[in-house]
Amino acid sequence: MADTRISGFPGAEQTVLGADEIIINMGPQHPSTHGVLRVKLRLDGERIVDSECIIGYLHRGVEKIAEHRSYQQFGPYVDRMDYVAAVSNGLGYCEAVEKLLGAEAPMRAKVVRTILTELQRISSHLLWLGTHAIDIGALTPLFYCLREREEILKIFEKYCGARLTTHAFRIGGLQYDTYDGFEQEVKRFCLDFVHRVDEYEQLLTENRIWIARTKGVGVLTAADAIDMGATGPVLRGSGVKWDIRKAMPYAAYDKYDFEIPIGKNGDTYDRYVVRMQEMRQSNRICLQAIEDIPAGPIMGKVGKVLKPPVGEVYHSIEAPKGELGYYIVSDGTTQPYRVRIRPPSFINLEALDKMIKGHLVADVVAIIGTLDIVLGEVDR
Amino acid sequence: MIPIGHYLFVSLALFIIGVIGVLTRRNVIIILMSIELILNAVNINLVAFSRHWANVDGQIFTLFIITDAAAEAAVGLGIIIAFFKNRETVLADEMDLLKW
Amino acid sequence: MALDNDLVKRFKARFGDKIREAWTDRKQAILVVDRESLSEIAVYCRDDESFDYLVDLTAVDWPKREKRFDVVLNLYSFKKNERLRLKAYAGEGESCPSVTGVWSTANWLEREAYDMFGIVFEGHPGLKRILLPDEWQGHPLRKDYDILTQDTAWVRENLGIESGQ
Amino acid sequence: MSALLEFLKTYMWPLIFALVIVGVLPLLAGYVVLMERKVMADMQARLGPMRVGPHGLLQPIADALKLLIKEDIIPENADKLVFWFAPVISVTAAMLAYSALAIGPFFQIAELNIGLLFIVAVSSMGIFGIILGGWASNSHYSLLGALRSTAQMISYETAAGLALVGGVLLAGTLSTQKIVQAQQGGTWFVFVAPIGFFLYLVASIAETNRAPFDLPEAESELVAGYMTEYSGFRWAVYFLAEYANMIVVASIATTLFLGGWLRPFGSIAALDFLDFFPPLCFLGVAGYCFYRTPKQPEPIQSGVMALFGGLCLLLAAAMALPFVPAFAASKAGVHGAFWFLLKVSLYIYSFMWIRFTFPRFRFDQLMKLGWYFMIPLSIVNVLGLGVYKVLRQLQWSRWPAFLLTTGGTLLVAIWLVWLAQRKVAVPGPVGDMTEAEG
Amino acid sequence: MTPTQISQIAFYFFAGLAVLGAILTVTVRNVVHSAIFLITSLLATAGIFLTLGAQFVFAVQIILYVGGIMVLFIFVIMLVNLDVALHQLQFNRQGWVAGLLALVLASQLGFAIWFARGEGSLDIPAGRTGALSPQNVEQFGLALFEKYALPFEIASVLLLVALIGAVVMTKKRV
């Protein structure tokens, strides 16, 4: 029989292993790496001594493609990055190009964008909650989450015909106006959703096993979180009260009243609580916005052919997973000279190695789940 | 009814095999397992005589021997693990240092 | 539009001509700094100007320029709620000091810049490719790397097909 | 030839029962899986399997067929012989345990002097199937799963065994028949030793590797644990062993704590109408089947549904048989089997309920629960029951004795929880747990 | 076929299995296989106990020996990862000594037993067969807790000491 200690993957031969250490590959095909993430773990028993993330299995060269497409043509591509929050990706891109053009979307478009983006945030968090719970072994929340997510996807489908990669927005505003009954449907969903969140929390928040599995696991202090560049719920879970929607408001967020939930210890449980609260806040924003969608045009004054003046722009939004930034350099032609996307998942994932050291294999799963990564965005 | 001599022969066979195992194998774990075989042979004897004399005492000795085997296995394997951690070997003839 | 506010003045007072240029573009502050003293300036940004959050580190390729690469650092200050962009020019084959010691985030970001542009960051703890396979030849985001180009030898060897297209 | 005939004559009933169990058990396990999927679906706002047969009633058969004809993959570096043999060990151990179980006063393969001990002994061998399978696969995930399951089973078998000791103490015998008979006149042992029952419930979940203690096969961590490299038929055999084990532990709990085949309130004459429950129950199911028959989309499905209805009618008739004076003697056997299986089903249902409600423990937490809570408490439980027995012998009446002993054990339990709670309060990476199993 | 005959068949079957398992235990190269054969041998021994009417010892043999000690063995074999050792020499060079010793031992004991069958030197008198009560467990328990209470306690202390010893020895940082 072959020596199992060094079999498995190339390059392992050079690694000096202790007497009772083994190396296992978590991924790229593993039930809980949420895609094609590969984490190479060096274990002492079940404790992680060392780890390394290996990514790139889903690399499609989005940034390169951008340089060969016109500004409008590139719109649908961004949906494929964080494919569970396509609307947010589109919002960031459209606003970045608008900023580059010096144009602005009309108010009605902004409000509709806000509503759809917040719905998308809820749906993204729902998917996170379901998969996170199933990683920790709770089977049932996933199905409840998918049930509510389905409602949101139905709204998207009715609005623009697509459920997942929606390409909902256009540079300068919106392609489609809201459909008849949009307000009522969103409102009905939102009013109902409050109770649904209570339902999820009943299953998990007070559950002793859940607390035991998440409290004190994957602690990221505020200083570490900032140093690692973590954003979104990961940063807020560590107790840093920072949200781009408040710090540098975009779309119509400055009109609405909402709070930024933060955690205290920066552990998995805090990030869970933060996301649960965020769903409630998003719901609140939706309810406020849906009451009063201003009338007016949905498309601003941008030409058919976009030729932004020479220059560069960095614009970022608070995507469900963190700061999603677009750094676009224009050379005055119809195609961007360089598009750089700052993916929140990629940078949050970087904190994984630090967070899992000293934990057990089971915690790796919980921590990957709590980072809420989407490999489409990590690898682009 | 099977005569007691048959049980004793089985026991003898197991005992001798165990002795051969202890003497010839290099792997400490297998040596330990051979010792288990020897203990097992003794157990057969005890239980056979217990029936022969219609006295349950022999079976009780068996229980003590099994207890003993458990203790021996725990300590023996503990030593093996401790040794393996330090020397990365389980071969008896490489365990020749008094101190390391 | 040239920029000459307090921030830039402080930078200039501290680093003199190591701050090459400063301008604003669509209300965004951009500083071009000397490549060699990048890490020194980064430490100053973090500690004294409280730009404690490295949002992004990337590069832009201008093949016709003498120093073809812009290394772009996007910084943000939680305290001031302000963004700042640092740029440094690096030529072909020139290495850029790593800022991993200043912000841990830079680790993967610099690896990505190395992967995509081939810019070497000096002092990086483990500079290797991150998105592409380790043995891949070429740096895709360079302008002279066409969109259809690929490392055909690698593809043939590892995927067993003639071409990915 | 005559020797053979004589052999068959002497051992006719045990042989028939053994054949029935070997034949029916896989089917039963398949239907337990179906039931689990249906219960899960119901709790998760879904329908579950609906395609094969009406309401998915033929799904287990389809699954079994699929697994039988699947490609059988053996990893290249696996230890072929052990890899081939390991699942068989598991399933053999699980099935052997049935030989001492008394499903009714009549349905039993062998009435053993050491009945319960035999079941515990034999089912403890199932662990070899898991550990050898995990080792033979030559995969790190399998190995980790095997190691985990070994540590887990050893830890929880202690607690389960001690919980059983409590029950056995009350019964004064190890024979399954006599244990049930000991509960006949008085109360079921679950009412005398509720803590013992609780301990056995938890420990049996852990021993059968079910959520929240399903660490050896935790799909989100170890892919499938010791079964990772198994496929097709061998995998099915492991699964069969797992579900067979579930039925075994449920049967043990039923026998020891829930009064085995006894009817609820068997000693209260005013509740004798409960005897009508078994036939009425099957009659109700049959009625529902016939009610749904015309609503099936396909004629063949209607046929299957009607067939099921007919089957239920047949069973109802069998259950009603004891009311015919000529067959009154069969009551204990027929109704006993019904009540026994009903209790077993309810026990398994509680397994499922727990599985869909709780997240999974982490390995060190599992070990802590086992060694810091379950084992100490089970020891105290045995002591408490011993005291109870002595008090009863000293002519104490039932209630004061019960309150004193169970109350005392409960206090110890609360104290243990409090101790554990105090330790949990410190966050941060967990302490070294590899020493826990020593 | 009477129960006695079955019991005889069972005895010879189990005896053969026990010896075969034992032989394989000490001869195969692979340690895990060795452990599996030892388990077989131990189980067969348990069967022999059953033919002797020692039901409780049968259960104890399976629970403790097979379910406890052997699991521990396999656990340790997996922990110490013996793949490297597999390629090394499995037998030492004192085979002939062992053979000689075994031969002497076997001839002595065999001689004694052989003559014990009849009117020989060791002279085992005819036993009091059939007097053992079928209530094996009760009998066993009574003897254990009355006559052998002290040895029983000592055995439990021994186990405790072994447990502590094993824990201390395998601790990472002593």
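The letters A, B, C, D and E name the chains in turn, as written, and every chain counts its residues from 1.
Following the convention adopted for this analysis, contacts are C-beta pairs under 8 Å (C-beta built on N, C-alpha and C of every residue); 3 or more make two chains touch, one makes a residue touch a chain.
No experiment lies behind these values; they were computed from the predicted model shown.
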How many steps does it take, at the fewest, to get from chain B to chain D if each step moves to a chain that touches the one before? 2
Farthest from chain B in C-alpha centre terms, which chain would that be? C
Which one of the chains is closest to the middle, using the mean of its C-alpha atoms? D
A-C versus B-E: which interface comes out with more C-beta contact pairs? B-E
Compare the CA centroid of chain E with every other chain's and tell me the farthest one. C
Distance from the CA centroid of chain D to that of chain E, rounded to the nearest Å? 31
Can you check how far apart chain A and chain D are, centre to centre, with Cα atoms defining each centre and the answer in Å? 43
When the C-alpha atoms of chain C and chain E are each averaged to a single point, how far apart are the two points in Å? 71
Based only on mean CA positions, could you tell me how far chain A sits from chain E in angstrom? 61
Touching at least 2 other chains, the residues of chain D are 79, 143, 432, 434
If you look at chain A, which of its residues touch at least two other chains? 1-2, 4, 20
Residue numbers in chain C touching 2 or more other chains? none
Chain E residues within the chain B interface of the complex: 4, 7-8, 11, 15, 18-19, 22-23, 25-26, 31, 34-35, 38, 41-42, 45, 48-49, 51-54, 56-57, 60-61, 64-65, 68-69, 72-73, 76-77, 79-80, 82, 85, 88-92, 94-95, 97-99, 101-102, 105-106, 109-110, 113-114, 116-117, 124, 127-132, 136, 139-140, 143-144, 147-148, 151, 155-156, 158-159, 161-163, 165-167, 169-170
Residue numbers on chain A that touch chain D, as the complex places them: 1-2, 4, 7-8, 22-24, 30-32, 45-47, 133-140, 142-144, 147, 203-204, 207, 209-210, 212-213, 215-216, 219, 265, 267, 357-365
Considering only the defined contacts, which chain A positions touch chain C in the complex? 55-56, 59, 61, 63-65, 67-68, 99-100, 102, 226-229, 240, 242, 247-248, 311-314, 316, 323, 325, 327, 329, 337-338, 340, 342, 346-347, 350, 354, 379-380
Which stretch or stretches of chain D touch chain E in the complex? 3-4, 6-7, 10, 79, 81-82, 112-114, 117-118, 120-122, 124-125, 127-128, 131-132, 135, 143, 146-147, 150-151, 153-154, 157, 174, 432, 434-435, 438
Residues of chain E that touch chain D when the two form their complex: 1-3, 5-6, 30, 32-33, 36, 39, 55-56, 58-59, 62-63, 66-68, 70-71, 74-75, 78-79, 134-137, 163, 166-167, 170-172
